[in-house]
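Alright, structures below, take your time with them.
First subunit A sits with subunit B, and in the next complex the same chain sits with subunit C.
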Partner chain A sequence: MTTEETSSEVTTTGPTAGSPAGSPAPSRRSLIGWGGAGLALGAVAAGGTVAALRTGEDAVPIADSGAAVAFHGAHQAGIATAVQDRLHFAAFDVTTTDRAELVQLLKDWTAAAALMTAGRPVGEGAYGGLAEAPPDDTGEALGLKPSRLTLTIGFGASLFAKGRFGLDAKRPDALVDIEKFPGDNLDASRSGGDLCVQACADDPQVAVHAIRNLARIGMGKTAIRWSQLGFGKTSSTTPDAQTPRNMMGFKDGTRNIAGTDAPDLAKHVWVGEKDGAKDGSAWMTGGSYLMARRIRMHIETWDRTSLQEQEDVFGRDKGEGAPVGKAKERDEPFLKAMKPTAHVRLAHPDSNHGVKILRRGYSFTDGTDGLGRLDAGLFFLAYQRDVRKGFIPLQRSLARNDALNEYIQHVGSALFAVPPGVRDKGDWWGRALFS
Partner chain B sequence: MTTEETSSEVTTTGPTAGSPAGSPAPSRRSLIGWGGAGLALGAVAAGGTVAALRTGEDAVPIADSGAAVAFHGAHQAGIATAVQDRLHFAAFDVTTTDRAELVQLLKDWTAAAALMTAGRPVGEGAYGGLAEAPPDDTGEALGLKPSRLTLTIGFGASLFAKGRFGLDAKRPDALVDIEKFPGDNLDASRSGGDLCVQACADDPQVAVHAIRNLARIGMGKTAIRWSQLGFGKTSSTTPDAQTPRNMMGFKDGTRNIAGTDAPDLAKHVWVGEKDGAKDGSAWMTGGSYLMARRIRMHIETWDRTSLQEQEDVFGRDKGEGAPVGKAKERDEPFLKAMKPTAHVRLAHPDSNHGVKILRRGYSFTDGTDGLGRLDAGLFFLAYQRDVRKGFIPLQRSLARNDALNEYIQHVGSALFAVPPGVRDKGDWWGRALFS
Partner chain C sequence: MRPVRLSVVVTAATAVAALTAVTGCAEKSDAKSGGSGAVQVTATDTACKVSKTELPAGHVQLAVENKGSKVTEVYLLFPDDRIVAERENIGPGLKQTVTAEVKAGSYEIACKPGMKGDGIRQKITVTGGGTTAKRDPKLDAAVAAYRKYAQEQADETIPKVKAFTDAVRAGDLEAAKKAFAPSRLGWERTEPVAESFGDIDPKTDVREDGLEAGQKWTGWHRLEKSLWQDKKIVAADKTLATQLDTDLADWQKRVGTAEITPTSMANGAKELLDEVATGKVTGEEDRYSHTDLSDFKGNVEGAQQAYELLKPIASKNDPALTAELDKQFAGLSKVLDKYRSDKTSYDFVSYDKVTKEQRKELSDAVNALAEPLSKLAAATVK
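== the complex of A and B ==
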């Protein structure tokens, strides 16, 4: 167990529930003092819900939606952590050429991330500093609960380029340049990035606030290259939980790696001690690799497809999500009962030498595409120990054979080396890489 | 009281609480039968929360977030209804030139809207029809609660153009062509539209599902012109509730029209019987006018501004949201204590001949702008009886004098005539207009 919920309010199921390690999560406001009289908020500020804090409308606490997830640990939170409802993901270009400036930024970001994930504002807060100075925190999360915010950093291959920051000898072999798969239609402005931060929270305002404040702290040293809002989770990393439906109306990814102490984490997700011994990437021990793909769904075409075709494409029934010929979502699939091109069959570990990845994708809808269609789909996020054994062979197979390809297109792609967790207050994001 | 919550679970405050008019809201799934065994969902399907239905993680009911809002009534729901957490808004171009086809579409949309707002799928559902046919419902809201979904339709001026659908004599004088205000930088592809649908819900997947299914039903007759996701509400229409913070970290719009039986509704929001007597728009009686403006915030510039300047710009303190010199958010503002350019001072009814509008805006973050900045801001939505007495004079004053203009830009604009409510099952959106 490495990422632990810090609040005794937590009531997750099974082995994902962390050991209670503190008192109930404080509201952001209560931590930084309160200029006014408290008043309408007073009654609910201590144990109220996000909704109650924001509107005063209901007074029933949401068990864990407001709680804090521990920032420090052997692994970064936001990977094995039970998936939160909303996402704001940002990829950054590093604009400074000064290594010391980049290191300082990573230290500053780490300090800010530790505060924000605990439900606290950055620095002196949104109104705690000098009136003559810009506030340290932008303030839009004042009064909101921690909302299980996690912030997870990753390093892109471009950061390791020769002559940039002296990191080329430390680039892991596993941080490959991702090949172009059949059907890819990648937009460079939605791909790559020197750094990424994944912000997940149950309240989207908390996730947006976190990315926005990191961007503000990085001003002059980094610039946001692209960002993605995810309005709804499509994966479950909680054992026995229902898999949320994607924008095609199906449950996909039932057999995810679930639970913060699942044996599959060590086997398929966390980089092991021996993995980086040869290539100078021992700094990645305890980390993981994040594959991000923006997958546009042609939902208008899908919506004109018969139910039978839809179910054949996935290899599941639409109502329950059961594999072909089975009754329940979690029944063991009988792959040979499915069409050879069925998504479940092709993506199953048995069709991929036992490969498993940890998915944390989110549905998105970003307005329209100029042709009267919604720009909607899946922002695919998957963590794995080595993409050369995980995503790449899997996607090679899917890109060639998956019946789903008629209805989807990969339009963005980025791979990041996600370092291990920040151990304690003296540690910072990327210390092992830069030391 | 016209829009009533239909569930006895509802626990809103003060006069917005509707008379309980039915049994607790059913889950979408329970209404259409259940192919599989229920299982993990069984325990929580009846009274559980949205979160519980989606993940099985918590079992504490959210008092009203899952409830249904009545679709039928004298006024459309989604105006005086207590503001929901999330928004999906779509403007449509009508592509058919056939009046009868448009009328049929409006009838079909009405039927679908009545089902979806009750938490039911469209038609035969996502897997209830023939296997050989596309499902009537796209399915991604299966198992989700009604989530207080409201769907509100509006008609744009272009729908009334001569020679189109024979509606030119019925165009209300109040449905004006909106002038260009100083500082406007409007993007035509984010402005206008023949029709609009505002979908508000506490679960974003429910709002997105609704717009997507209406778009699907409209295929070949309408096309989405633009759409906007709003991740967080910025207004409260609940008396005494805290005003949520906008992306500038401030509470704005404290003095909103609040409560479904507020006297201000009849005075400032609902079109009266006499309003349309002269111009052939008696069909609008009981309706309202919706002004939508996409307001980009230059948050990076704002974040470099001193706290004092920020508070001067709004005329409020940042922490509590109290007007200058006052202690609490809802204290009566003393306008002369504020700078003449302060936003609160300029927008106050006392500075605008008593004008009030009902605001229902949402914060948005739509990726980046290509210049390393977040494309974030406020999607402003305001309902009023007559924009010529409401938004237009207000915005003329703000556009000229508001100190906030240094940090914002209006980039999208649309005005819609929002017809009265659908009275009963025989009624449909726009019947009075087309009859």
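== the complex of A and C ==
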């Protein structure tokens, strides 16, 4: 398996880096990312539509992986943002029954997220406060760069249940209860959740620090239901960079939606203005839907599989990643040359009425399973405008026919409505939903 | 934050100086009778007369004479009731001497005719020999009240432990099992005080996995293993039972000397929740008997007691915090109540019957309380 350090090649995927507008002073860490002002201008200029939406901020470069990604914007960062190397994803149960408390928590989380993504500690910091009190920040990210940390929040269907927070009328139709697909072996304790936070960063400690501190701030209001670490990205949203490989050794995400492809993002990822007009979910405009699946791979049996079968299963060759019968990874696939059960053929937009999803998954290895086998696989994350037109029909087809099913099992599942971005300092996660 | 912080540092520093610089000791009366510099303490059944109430810092001698009809005790106490020096069992007509090295500050002499209660108090002032520690009477009162609570818990525990150890010595397996959890409650409520002595907890409450190489396993959990896992009481267990009595009698005797500060009270409350989070929620504490929820309840009650005593002070400094703590104490108690049918009883559901999901709910409720509780110390001394 190769893990390419693609971050240095990343130049222009929309979000511009920098400290939130009105920040009192640049942090120690964001200063590190201010190395090249020339690069900064280039990044903004090339950032196109997405970058243009992020106004009122000082432009600073994202070119090196230590930089900060802007927290404020029309869309939440962490979706079209160039995929970072590491993930810590957490799903939360809301334990309070008090709507006002939940709203306050979302505001507190937003403030903490703005600080952490800028490379600052939360609250009054990790040291130097009252000796009798535990520090506000847990401290393990001190001295680390912002590492392009993004924090992305989502709301699960259970949050909208009648009698909880008065949100039932605002539940989008698209936030469906996900059906059980053939072969699913879902563990309830690894599925669902009222809230989720996706933390992505190029430094794993920065991602873990972010989730840990949000969880701590949430205690008494929320409790972590499950969480997942991802050690390596399996899809990139930067087509110019080398495509990362998944735990099966194959390049993954060759045809992913690019973070700079504004028309595709608008068509397949961002919820449009009219999407929620009928079902009371206008608050989702500019947001997206996040499908998370924990996909366990039967690593050992896969490793014993012949190269020919491995390549047949995917429909690409293992070395280059070229589609069957083609020479180069990015050559247009000829689907009929592939086996009818080949993964790429079944997942291709042409086999799915042109449907595209933005994949942002990570490989995971949670040690071994007690039988000496790697507890490893793909933590699948995909953003889309409507799962009823995206993931669901796609997975129906894959669950029925995909040759890959012999080597994988879906063991966790959760769908979240990801609201639009936090516009500015006065805005907060979920404001449109709760207002 | 800065000015606040500075004042805290000053307060904390002077408090520590006052608490650590003084050592107390008691001598037998035949060693040296009270000389001219001594404070004459005349104890009767209804009075505690002292010959002077102001004395210089340094070596202090109390020449005690019991002129009453009851056996008495005499204590020299800090304002928070921590014992500087003491003399017990002074029979009618007897003389004893109590000596101590004291720094400047306020103290009390207490005579306890019949060796019961708070005693008859006399305030004394020690002057010179360094700066007088500034003390907050409200904080001293809170510490004194907590010390009293800790002492009551120890006093009430001793007979419950005896019921347990008597059953072990009688070889009565069922009676011993029944008496096990109740014998631990008072200890669990005030565990940080017991742990502050250092040497008692390893003898009475250590678990098998907590043993150091060469350490003999004694105490409650060794007996717990015999009763529930070995399902028999052997001769060695009866010896262990008697040792448990002895070790806990030591605890009971030393509660009065424990160094307790408002900060240590608040941190002790948090530590009790830590005990719950790391030992009880996981079922490790009472792994053979599965009586973890009784210990759990004891820890929470003890934490709440410390909190309630500090609340009048903390609520002035941080009303939002105390409101949150009130709510979360109530929340955790409510979750715990699901596991007992009678809210006045400590007879809880066996922890091996508590499901993984239920344990998570308990764990979440503990986190919800422990996180704000970790801020109590700062809110108390601010």
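Keep in mind that, in the parts below, the second predicted complex is superposed on the first by the 369 of 435 C-alpha atoms of A that agree within 3 Å, B and C clash if a C-alpha of one lies under 4 Å from a C-alpha of the other, contacts with A are read in each partner's own complex, and residues count from 1 in each chain.
One rule holds in what follows: contacts are C-beta pairs under 8 Å (C-beta built on N, C-alpha and C of every residue); 3 or more make two chains touch, one makes a residue touch a chain.
Predicted model only: the values in this text are computed from it and were never measured.
Student: With both complexes overlaid on chain A, does A:Ala133 touch subunit B (first), subunit C (second), both or neither?
Tutor: A:Ala133 sits against subunit B and subunit C alike.
Student: Is A:Gly163 touching the first partner subunit B, the second partner subunit C, both, or neither of them?
Tutor: A:Gly163 contacts neither subunit B nor subunit C.
Student: By the touch definition at the top of the document, which applies to A:Gly367: first (subunit B), second (subunit C), both, or neither?
Tutor: first
Student: So, A:Gly220: does it touch subunit B (first), subunit C (second), both, or neither?
Tutor: In the superposition, A:Gly220 contacts subunit C only.
Student: Examine A:Pro263 and indicate which partner it touches, taking first as subunit B and second as subunit C; both and neither are also allowed.
Tutor: Once the two structures are laid over each other on A, A:Pro263 reaches no partner at all.
Student: Just checking: does A:Gly426 make contact with subunit B only, subunit C only, both, or neither of them? Give me first, second, both or neither.
Tutor: neither
Student: Quick check on the superposed pair: does A:Leu307 touch subunit B, subunit C, both, or neither? Answer first, second, both or neither.
Tutor: Touch status of A:Leu307: first partner only.
Student: Quick one: name whichever of subunit B and subunit C touches more residues of subunit A.
Tutor: Subunit A has more residues touched by B than by the other partner.
Student: Return the residues of subunit A at which the contacts from subunit B and from subunit C coincide.
Tutor: Shared contact residues on subunit A: 93, 129-134, 189, 216, 219, 223.
Student: Tell me, which parts of subunit A touch subunit C in their complex?
Tutor: Residue positions touching the partner: 93, 95, 124, 129-134, 189, 216, 219-221, 223.
Student: Could you please specify the touching residues of subunit C with respect to subunit A in the complex?
Tutor: Its residues touching subunit A are 1, 4-5, 8-9, 12, 263, 266, 324, 328, 356, 360, 363-364, 367-372, 374-375, 377-378, 380-382.
Student: Considering only the defined contacts, which subunit B positions touch subunit A in the complex?
Tutor: Per the touch definition, subunit B meets subunit A at residues 11-13, 34-37, 39-41, 49, 51, 53-65, 82-83, 85-86, 88, 93, 95, 126-127, 129-135, 137-143, 189, 202-205, 208, 211-212, 215-216, 219, 223-229, 231-233, 236, 238, 240-242, 244-250, 299-300, 302-308, 310-311, 317-322, 327-329, 363, 365-368, 370-374, 376.
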